[in-house]
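Shown next, in structure tokens, is the structure this report addresses.
Order as written gives the chain letters A, B and C; numbering starts at 1 within each chain.
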Amino acid sequence: MKSYRKELFFSTHKRRQLINITPEVEACLAESKIQEGFVLVNAMHITASVFINDDESGLHQDYETWLERLAPELPHSQYKHNTYEDNADAHLKRTVMGREVVVAITNGKLDFGPWEQIFYGEFDGMRKKRVLVKIIGE
Amino acid sequence: MKSYRKELFFSTHKRRQLINITPEVEACLAESKIQEGFVLVNAMHITASVFINDDESGLHQDYETWLERLAPELPHSQYKHNTYEDNADAHLKRTVMGREVVVAITNGKLDFGPWEQIFYGEFDGMRKKRVLVKIIGE
Amino acid sequence: MKSYRKELFFSTHKRRQLINITPEVEACLAESKIQEGFVLVNAMHITASVFINDDESGLHQDYETWLERLAPELPHSQYKHNTYEDNADAHLKRTVMGREVVVAITNGKLDFGPWEQIFYGEFDGMRKKRVLVKIIGE
């Protein structure tokens, strides 16, 4: 069994932002030379997400509106977590979106359906944060 | 390390439908002859889900009602994604339910608790769609 | 490839409770002697969750309030599942929080960001329930 590990770094210019990281994950997979196995991609921070969905700007605006409805940022005072912090909503938004994805590797490629793309979902950004890519296989 | 891959196909007769796919996944596992490892089962489409819960019809009706409350289908015009499409709600519903499950394999069986069953959750159906089963182990 | 399996048992004194199980998972990993691989930690019951977030009591109160807003327990009669049972809300809450986490293992340690902790999320407790820890790697 072979294994591979890399950290990816992101610093968004907005509090909330979605970034397509599929090319970075594909580059890791090529570097690993693993042909069959699993890749785990996870946010290393608990106010961010890694998820798979469509790279379509209308849908990304829908995510913003929808997450603000399910777990609104304001008023900050509505959350017990927000005594010394203001990011309780980001913890909840990341919970809806998920921490991680596991993707099959087949013949050295991400084994994806037609529209699957991997996103980093930042919900408390404007600072340097990390994503872990770990691959195991042969 | 051994690996195994199979695609399962589903075409529902309703827009939204939950299908118990545990027998199909067990058949894949038997065919793989893998005794110890992990099986990844994921929707290959971004408006469908694979998740684990109870095979109980009342609960399945509760899921329908609850998902319609969290991410209603109508009016289609409430979503920016719905310019040439009408399935933004299906992207959001799948986000709540999750893309994938990873299940342990022990002694050649799905290592499940008493009521765990694997479901395909379709939220934009009435056309042929795919689920990936990928197994790694020994 | 090596594999390791252990069940952890929990019996909460409240219907809903969050328990930090990171030390138990670290003990499993040490016992497994696996240096590189993946650990899967999943609830074996469908009204409980395993998830990763912050060990901060204010946030845990926010989770309770938020989950009660998204999927309220009462009245029990609002759910079709609640004919002979009263835990439909627990199935939905666990759906939001997720069944499982997959964590990378690097150099014999959980490969975590600064604040990541693994929690057992119980939503229908006061009875003995199980979590599965399964590790594969080398």
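One rule holds in what follows: contacts are C-beta pairs under 8 Å (C-beta built on N, C-alpha and C of every residue); 3 or more make two chains touch, one makes a residue touch a chain.
If you're wondering where the values come from, they're calculated on a predicted model, not measured in any experiment.
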Turn needed to bring chain B onto chain C - CA fit, degrees, nearest 5: 120
Residue-number overlap at the chain A/chain C interface, same or different (half cut): different
Distance between the centres, which are taken as Cα means, of chain C and chain A, whole angstrom: 20
Junction residues of chain B - those touching two or more other chains: 1, 38, 70, 96, 98, 102, 136
Complex contact set, residues of chain A against chain C: 1, 3, 5, 38, 40, 42-46, 70-71, 79-83, 88, 91-92, 94-96, 98-100, 102, 130, 132, 134, 136
Interfacial residue positions of chain A with respect to chain B in the complex: 1, 36-38, 51-54, 56-59, 61-63, 66, 70, 96-98, 101-104, 106, 111-116, 136-138
